[in-house]
Each structure stands twice: as C-alpha cells, then as structure tokens.
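What follows are several structures.
One chain, chain A, links the two complexes that follow: it is found with chain B in the first and with chain C in the second.
Let's look at the complex of A and B:
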C-alpha cells in the first residue's frame, strides 16, 4: 500500500513537470534564486526538474538523494513562481510538486534537512516545533494585562466556545512576539467578543506538512479537528497565516460549518460593520509586508491594507514590490528551522525596500515574517531607523 | 578510458585555481538543469555536462577558456536558457559556463553610455534606464528573465520593429570578450562614432557565440520618447498584410512595435481579457515621437494607410486601460492555450519580404497543412507584423514521446527554412545556426557556410567554444 502511494506521488510529479515548457519565467520572481549563488537548481523549474530526474533516474537516496534534499528544502514555498507561471506560462503547481518531492524524500528517510528532524520530533512530542514544553504554551498570558487575561475563556474538557482564537506556536513561545497575541486579546476584549483559546493548544501541523512529514501532519490535523468539534467551535481566528492556510486548505476533515479567518479578515469585517473604530491615528509612515501565506497562497491582499489605511490614512505607503510581487521574508517552507546560505539576506533586502519609501514602520501580519524582518533590521544595522510591528499591535495602539 | 566522475573531479581540481570552488558545481541535478532549454524532450546522455561554472570576471572566464583548451573540454555558454532555436543546449559533454554572475551594470551619463555584463536581465536594465529617462531598444518576449549576453549574441530586437528601432548592434559601441584561447580583448569605442572599417564588435554582436565569450557590453544611451497607441482590425487577413505593405510603400514612419493576431488567436486573446469578440485579425502598434503630438501624428499617418484597406475598425487608443487589455490579449495567448490544453506551445519564425507579404501571411497561416506529423494540430498565427515576422504557433501534445516531439520540432524548423528561403527572409530573433543550420546552407549556400567554418576554425582551432551551434544538431 505504502509502495503504491509512493508510486502515485512519483507519477503525479512526472505528469505535472512534463507540462512545464522550461520557459524560465518563474525565475523572474523567485526569492531563492535572487538571494543565493544563482545556480539553476536554486530556482523554481530547476528544483522541479531536479526532482523529475531524481525520480526518472531512481536517484532519491544515497548521495543523489542528499543533493536533491538540499535543493528541495531550500525553497521558501512562497508561491511567487506559481503566480508568475499562471500569468505567463503553463500554470504548473510548482510548490505542490516541491512539497510532494519532500514527502517522497521523507518516505525514503532522506528528508528533511538534519536540523529539521528535531522540529518533527518536537511537533510529535511537544505539539510545537521549537522543543518547548507543552505545559508552557500559555505562559504568554502572564505577560499581558491581567484585566485582559481575566476575560479569556480557557477552553478544555466540556467547555465550549463558538469563536476560537488560535494563537499558534510562534506567538505562544516567542518572547519578542508576546505583544501580538496580547494585542489581539485586547482588541477582542475591547469589542466584547465572546471567545476562547485552547488550554492545550497544539501546533496546526503546518511545519510537518511543509517538511514533507505527511503522516505526522495528518495525525495532528485529526487530533485538532476532534478538539474543534468537541468544543463546538464555529469560527477559528488565527494569528498566523500558516495556521489559517493549513486549516482551510490542507485539513482533510474539518467540518464545513467552521469558518476559518485570519485575524486581519476578522478585524476588517468588524471595522466595516462599525464594531471596531480606531480612536487615534498613526502619525508615523507605515508600509506593509505581504506574508506569502496570506497573499500569494490565499489571495488576501486588500484587507490588511484596509486596516492600515483606517489607522494610518495617508501615512500608509506601499513598497515597490507589493501584493503578488511582494518579496518573501525567507522564513517559509520550513526555512525558519534551518540556515540556508544566502548571498543577500531576503529580510535585509525587504527592510531596505521599506526604507527606500521612507517607512518608519514595517507592518506585517505573520509571526514568522515579524521575526525575520526584526532580524533583518538588526543585521542590516537599521535599528532605530525602522521598526517592525504586527497589524494587531497597531490596531491595539489606535484604540 | 576515464569515466565522467573522474573528469568532473579533474575539472574541479583544475578550476579551483581560477574561481571559488562554490561557483563550480558537479552536482548531477545542476549539470542537467544547465543543459535544459525550452525543447520538449530530454537531453541525451552524451549531452550531459561534466560541470557548471559561474565566473564573476573576465579574468575568470579567461582562466576557464585556457583550462578548457588545455584539456580539450568543450565550453557551452549559457544565460537564462530561453533561446528558442537550441543554442543553449550542449551538443556534447563539456563545461557549462553560466553567465549569471557576470551581471555588473553601470550607467555613465557623462559619457552617454552604459556598461553591463552578459548576465544582466533585460527587464531590469530596461527599468533602470527608464527611471533615468532612457529607452531600451530590445523587447524579447522573455524579457523578464532573458540575459543581455543572449540578446547581443543573437542581435535580436525581438518584438521591436527593425525599421524603426534598428537592432541591438546599432546601439552597441563595443564589447569586452574572451577569445576561445583565453585572450581578453576590447572592441569598439567609448565615443558615439563607431569604427569605420574593421569593427571587431561585429564578430560578437550577432556572432551566435562562435568566436568569444562576451564579458562586457557597452551600449549608448538613447533618450526616452512619448508613445501613441493604435489598433486596426481587418476582416480579411490578406487585407491586413496589404495594410502593412501600404504603410511602407506610402513612406509612413514605421512604428516601434507592431504586433498582430490572426482572427482565431485574437478571439481567444480578447475573450481572456473580457473584450468583445474581434471582427477579424488585429494589429496593435505603438508609434513614438519626442512629443505626444509627434507620436500621435506618426500613428495617424499609419492609420491613414490602413484605412485604405477597409478595416473593420482602425483608431488611436487613448484609454490606457483599454490598451493594456488589448496588448495583454496578445501577450497571454500562448500561455492561455497551454493552460487550457495542457499541451506545449511551439512556434516558428516566418519572415517575408515586403512584396510577397500577402501571400506569405497565408502561407504562415497554413504552416502545418502539409506537415505529416502535425497537420492536424491546432495552429494560431501571431507575430511582429511590422517587421514582416510571423509566428505560426502550434500546440504539441505533452504526452507525445521524445521521438515524436523531436520530429515535430524538426519538421517545424524545416518548414520554417523552406518558407524563409521561398520568401527571402530569415529569422531575426533566435540566431542563425543550431536548429537553423540547414536554413543557412539553403539560403546562403555551401560556400557561405564553409566561410563561417573557416573563421570559426581560425579563432577556435580546438572547437572548444560552443561546439554544435555551427554544426547544427537534432
């Protein structure tokens, strides 16, 4: 059965890659190709062709398998190549092919990258990719205003909630990000939303999926789906676009009656309905970095901008590369957990693009983008010149 | 006999003294990826490169060429790999010299020129020059990824109309090139007046990569201008051709861009862009001038010629949103058809003389009618009609095996050669050799072909640089 599944995956790759005409258009927007040495296998169709030949040559293990692993796992899965291919070429599902290749390498026990194995182990053991103890997941609540904490329904056992705030692993454990879930809680409480968070929240499984560990992902999806059903959840609001994307696109059995929303969609709706009104406008010049899993993967480009326009008015400026053309921060596709050689750091490049339009704040709406950009500001020596903020923080500050 | 692994190791050891090891790859997948081009069939084992090298400087290129000559290992120069007649595909085992890192770019406004490496991307240069108020006289369809080295080696202005813009060679003041033996030479001038008499630049610009590796291109800056945009739709394809003939015969100023789509192709393009169905075949064109009035005046002179052929409609398009849709209709046709059918789009380049354009356009429309293996496949005609250049595009099924794909492509190039010989034209976009070698011999004769071979042999006695391009191959 397992062998049959492997053969099906191989067939799927061969069929999909055969439709690519190697026009190379996908290289025009690939952040990996742009930031590395520029070998052909460091760009989209080069990666998928490598996989194609890996299968054709029966070279998925041994030295070839390791070379192929290094090629496949360097991709940020940002989806820029797919946007370009759809626009100018054959509409090849390049990211899906790359992720299928990763699954094949995991089956062959060649993938993921050595440092990423710990991530999978931690997901399995602790329910988060960072090796953090599961029982410390809600410790961030201790860092926010106790008045806000008091209003949060901690869902467990028989307790139900219609609206669930899915905090996600990075927002839960990353100390520098504690203000992000804190801000969302503050806004929810300000609006009087009846909501809860899971006392024993576990990772959505996105890292397992992106790293090719399909079995672990399915297991995590199944467990989370059961939890959502037991708590009779009707709406899940996520902080991370990656969680949102996994729930809405990859969870096989999530009931249809559960609405999945990224928090920017939820707040934009509330702002449109007049339930959320910024009281203070932002005076600093702010720009917006599109997270790939919000924009390119889920077509959500405008709602974050609506919010920023409400808050900042004319102080909101676009970077040269925005929406579909936005540069990836470099943190997706499992790259948060491994150092990939970059000649030019994507996050530093993005910071420079923001500085070029005179921005004082880079707003974003993804914990990984936030971390990457914060690092980019430090490593490029631009501390004090520009700040990264999550949109949630900006809304909370405006109330 | 030593195996390829030993040769790969030998290459790495030999070239480590020339460039950083991290820019030498013998990774099997990387080697394969550098041999692939937009041909729908696999390379053969004998075409698999031994190594890929990515030099940064002319000195490094020189070192690579010297090593290759010493070891008698062929060098295949590669840019973005988008050339459509097969020049970027290695003919035999060898080293692929990828020019990606030769991408230095500087504008010298005081001197009135810019210098760039062959690895610079056309669209990026175009944008950078536009920001400074200059225009860039090349517009290949692959501009978002195409490299300057390929544009210059092929001397292609692609979509731009030669009679208005000229060719890249008309703007290139000189080059720096590494000869097959590793010597580095500079050609041309830093002034605007190019050499009278022997100008070595011409051996490299449009040289099909036979005589040297271009490592730097010096190009004069051309001031930007204003544009006016027009469209003309003709019920009859022959009337469209007559309109173009009339434009030239009536001495109208040639537009910078003049694209066309035959009715069936136009229908699809219009539908994708949400435009009402066109009532015939359409021409889209852009006239230029130093003022908007001048551009508009030139455009209207062209429209006057078209009016005499009773178009369904012919007018200046002033609404830029409408124009974007019309131009977009032409740009997306190939990708849309590929997406809809799942097949691969292959086109020929039929270029006609002015007198026979009316007949030539019909021949291009019926391009595959007498071709045994592809006569039943759908064909869509479009192209750069202002340059009398037409692309019959054919959808080749993706599930055809390699041999069938190869035969189909060969038939396309053979038919292209036949028509170009018949109508006295030649490909103006994708080089003269590789898959087009037979055309060269048919069109210019054995003596001309022998002459090119003599030059090549004199410059590259070991046939180290890009072997196979001149010889042609399947």
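Let's look at the complex of A and C:
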C-alpha cells in the first residue's frame, strides 16, 4: 500500500472520530460491551478512540500496536453502533473506522490476530478460510438427494448460466450445514429455476476484507468478477448474507447488470408472484434471529419475516431483541476464527432469549449465525429443547 | 550487527505426493510451495533484532526460479537484502551440499549471527545448521526457543529446548549460529500489498554456485537417496455416530466401543 494511501486512511479516521461526541449511546446495543468485562475499549467509541490515539501518537506498531490490535479485532462489526449513532444524529461510520484501523495494522504487519493468519493464508491458497482443499468444495453435492444433484448445472469453461447460486465457503464445507444448500437446491428444482453453481467457486473475499487484508480482497474480487462476466451471469443468489453484502457493497467492478440477492429475497419474490407456495404449515413455535449482514448492514428485516409468517403463521414469535436491536451471534468481523474472552457467550444469550418467548425453533438465514447458535444450544445445555434451522430448510420442509 | 538468515522453500504437504519412477525423489511437477515453517520463525527472530537493535538482515536461499517468491516474501517482510544462490536442482541436494554453498556465500561476508530453522518440512534432516556452523568454525546452539540477551559486540545468551520439557541456557561468543525452533515468536503476516510492492520494486541478488568457488559448481553430495517410499495405508473405515444430543452421541460412541471390545 502506498504511503500516500496510508496517510489518507489515517486522516479519514482522525476526521471521523473527531466528530464523536462520546455520548456513549453506541454502547447500549454493542454485543462486545454486553458480553465482556465492560472496559471502555470494549465498546464502539472506545475502540475508535483507541485507534485515534494510536494514529495521533504514532503507536500502530510494536507492543502498542499489538494492544490496539486486540482491541480492534474483538469487534464483531455487527453494525449495532452505527444504527444507534445514526439516531443520535452524529452518524459516524464506526464499523468503517474499525475496519480501516485493521487495514492499517495489517500494513504495519501487526494485524490480524495470530489465529486469523491461517485464515488469510488459506483464502489465498485454497479459496476458502478453513484450510480445506479447493477440490473438495463441491463434495456436499454427494450428500444431497441424487435427483436434485442431477438437475444442477455445474458451470465451468464455456458453460453459461443466467442465475447463479453462490454457495459460499461455510455451506460448502461445514458438514452440519449440508442441508442448507441441499434445501435451496430442492426449492430451486421444485420451482424449475434454470440455475447453475460454479464448479470452481472461490470465497467472495469477505473474511479478508473484515480482517483488514484489502489487497487480498481486491485480488479475490477481481478474479470472481471475471468468472461472473465469463459465465454471463445476470443474477447471483447467495446463501450467506456476507457474500451478498460483499458483492453488492464492496466489489468495485461488478457489472451493474448483475442482480445480487440473498436467497430470502429471491424466495420472497417468488412467493409473492405465486411461484412458490408452502403446502404444509409449520406447527412448531418459531422465532427469527436477524443476521447482522442481512439486517443492520443491508436493511433486510421484513423479507425473512414475511417468509416465516407464510410458513408458520401465528406460530412465528419475536424475541425481545429483534430487527435493529437484534443481538449479534458473535461470529462476524472475523471472530468465527478466533476466541474472544466473553463473560457470557453471545450465542448462549440469544438462545436464552428464544427460550424466553417459548420458541422451539430459532430460524436464521446465515451459515455463521447457524453455526454459532447451534454451538450456543449445546454449550448452554439446551439440546433437545430448541433447534436452529435455516429458513431455507423450513421452506423445503413446507413443500 | 549483521544477521544472515537461511530460507528454504518447501512443498506444501496438503496435496498428494507422487514418487519419481526411480523411487529416489518426489515429482516436483505441480507442487505448490511455501517457506519452510521453521525458517519463518528464524526470519521473524531476525526481523525482531532489526526492530530492537537495528540489525541488518540478509536472507539467503539455495533454490531455483520458484524460490524467487520466497525471496520476495523476505523483502516484503522487511529484510535488507535477499540473496538467491540459483540452483534448479536444489531439492536433490543433500544437507552437506547446501551447507557448503551457504558457507561459501557466508565466507564472502562479515556476519555476527547466522539463523536457520531447526529443520525443513520436506527432508526433516535438521543437519544444515550443524554442518554450516562446523564449516564456518563458529559456535552453534540448536533448537533455540528464546534469545535471552544479546551483547552485539560480544556474545548471545539463548535458551534451548531439550526433551521432556527441560531446557538449558547457553552463552555463545559471536559470531554464532542458532537453529530456531517454532514457537519462539509469532511470525508476522505479510500482506498482499507488501508482496505486490516487493515483486514490483524489490531486487534479489542472484549468485551462481559457479561464483562461489565450489570447483565445478555443485559440491559433491555426502549422502545419496537409496529409496523413497510412501507408507502403506491400511483400509480405514469411517463411521459417523448419530444422536440428537451430545449425550446421545456420547452414549452411542461408548456402546460402539464396547461392541468392538475396545472398552
């Protein structure tokens, strides 16, 4: 990164943080502050202020840089702080500031957190953050109904597809989640959608960006964009809100004629048009956990609820914290790959909120939220009392 | 203070290994490479000395065209000089030959400290450091887990890892050679931007073995491979144990183990 660009990033942070009135209202919904020991640097304006002084005092490397790294990388980048800040009329881009700080630390060779280094190396080498072999990415296809697999167009070489199902890394490699892409494939086939998946799909690059590795993200975005253009794709339907958010907000050169949708948006559209009709209604009480990158980052709150209401009717209930106030699962911002000390696990807290409203199922629409909540159910000793399900699974079960 | 750190590029071990027809080596075609893990820790230790006492760091490697990438990595990480002793057949060289080439190079320099990794991921011999120290006639400490103190004009005190959790502390007069153990530090992450800059603007000093007064070029090997072979893999049966709750799964595992008369 050129020196000039680094100075511009620093200037941007200084200017943005200088506008903060330190009203502390951003702490009210901050999941990090909520789940830790409550130090001032474990909340949004404290984190950004630490960065401010790190820049001002030229303390971005060495031991000072490492201390700052531990502060900056603890954030889940959920965006709750920005929602609050917007309401207080300051409208400070707190998440953007934190991510800029991470980029500065990566350039100083202080970031990311040691355990996240393997994630970046694997993204570069294998095209996924999990250290899994690239050639095993489509192995999940072997675990679903062969009749469904047979209808999938595997896009490679000169083969084209207008609609692409972007499966994503977690849905491809996480064995416990195989039913999620499996359900989407089943629904697509049920509706007779002409679609394809990429034979050599690579990560969207979101983890690189969140961890501050802007250069790697740029390279991944460039390669993926080229693949999308070559396959003449017009619509990308993603399983993960993180992929959707990266494609729509962070890819610099994605052609404007490509529509990016999270699968909940696509299915809600199809339901409204009468192309997708649930046949069986869900008898169990279900609640919905808002994924941060669907809700707070992309303002998609009602579409998943619309689907759940279609499927579950009156059995759909809201948790105490929902929509803009929804509690983060704790897996965003690169925290899926590192353990941050918490007094109470965010996912366990979320499970308790669901139990409090009598829910038997926590529905969500993000592979990371799914994994975090599944863990939270186990670690809080609530196995057998409540289940986590992806909305796609519930739709598929209703057909 | 002048520090030289030896770097080896080794194949990534996450792919399938294919032996050559003569069963004396592995097929290098299609292999992906990275820097030997132990050497990354040695490099980081050298860079730490640069930050703390302003040491000047030279990274040196014996390797072919593919090793250029490792050299650019070293430049991106912050070394002052990257030297590649160009030898395409470096993967066939034995430890003695590599140590000889490094010794010839080092004898043209003034150095205070030479760092190598304890061993390489590919051959796992752990010999280059010891042979090189002998050839250079400098004291050596093997499997160093900590540099405790350093007097740049005089000596270095290091803690070495022994068996069973034991360690010892040694003082070595300088110049000296240390073989560095993994875990001594946390190697830094070198970003794509830094790597890009190193590839565009960095410069690698290239030396031919012929320039190193090794007679005909490559030193004669002291060791030759008789036969390389892959371990025989027995048939492995994989079974996933079902169960709704963790308790169910645990019970099913225990039942299964009883059934197999393992318990």
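Just so it is clear, the second predicted complex is superposed on the first by the 397 of 399 C-alpha atoms of A that agree within 3 Å, B and C clash if a C-alpha of one lies under 4 Å from a C-alpha of the other, contacts with A are read in each partner's own complex, and residues count from 1 in each chain.
Quick note on the criterion: contacts are C-beta pairs under 8 Å (C-beta built on N, C-alpha and C of every residue); 3 or more make two chains touch, one makes a residue touch a chain.
Computed from a predicted structure; not experimentally measured.
Three-chain overlay on chain A, with chain B and chain C fitting side by side and no clash.
Residue contacts after overlaying the shared chain place A:133 against chain C, while chain B stays out of touching range.
Legend: residue contacts after superposition of the two complexes on their common chain; A:23 is shown touching chain B, with no touch to chain C.
A simple residue count on chain A separates chain B from chain C, and the partner touching more is B. By the touch criterion stated above, A:294 is placed in contact with neither chain B nor chain C.
Here the apex is the CA centre of chain A, and the angle it makes with the centres of chain B and chain C after alignment on chain A is 110°, in steps of 10. When the shared chain is aligned, chain B comes close enough to touch A:50, but chain C does not. After overlaying the two complexes on the shared chain, residue contacts for A:311 are found with neither chain B nor chain C.
In the superposed pair of complexes, A:340 makes contact with neither chain B nor chain C.
After overlaying the two complexes on the shared chain, residue contacts for A:67 are found with chain B alone; chain C is out of touch.
In this overlay, which is a superposition and not a single complex, chain B and chain C have their closest Cα atoms 19 Å apart.
The contact surfaces that chain B and chain C form on chain A in the two complexes do not overlap at any residue.
Those residues of chain C that touch chain A in the complex are listed here as 12, 14-15, 32, 51, 77-78, 186-197, 244-247. Of all residues in chain A, only 18-19, 21-25, 27-28, 37-41, 46, 49-50, 53-54, 57, 59, 64, 67-68, 71, 86-91 touch chain B in the complex they form.
On chain B, the positions that touch chain A within their shared complex are 22-23, 25, 27-30, 32-34, 36-40, 52, 54, 80-82, 98, 100-101, 121, 123, 142, 144-145, 331-332, 335, 338-339, 342, 344-345, 398-399. In the complex of the two chains, the chain A residues touching chain C come out as 1, 62, 106-107, 109-112, 114, 117, 120, 124-125, 131, 133, 213-216, 218-219, 378, 383-384.
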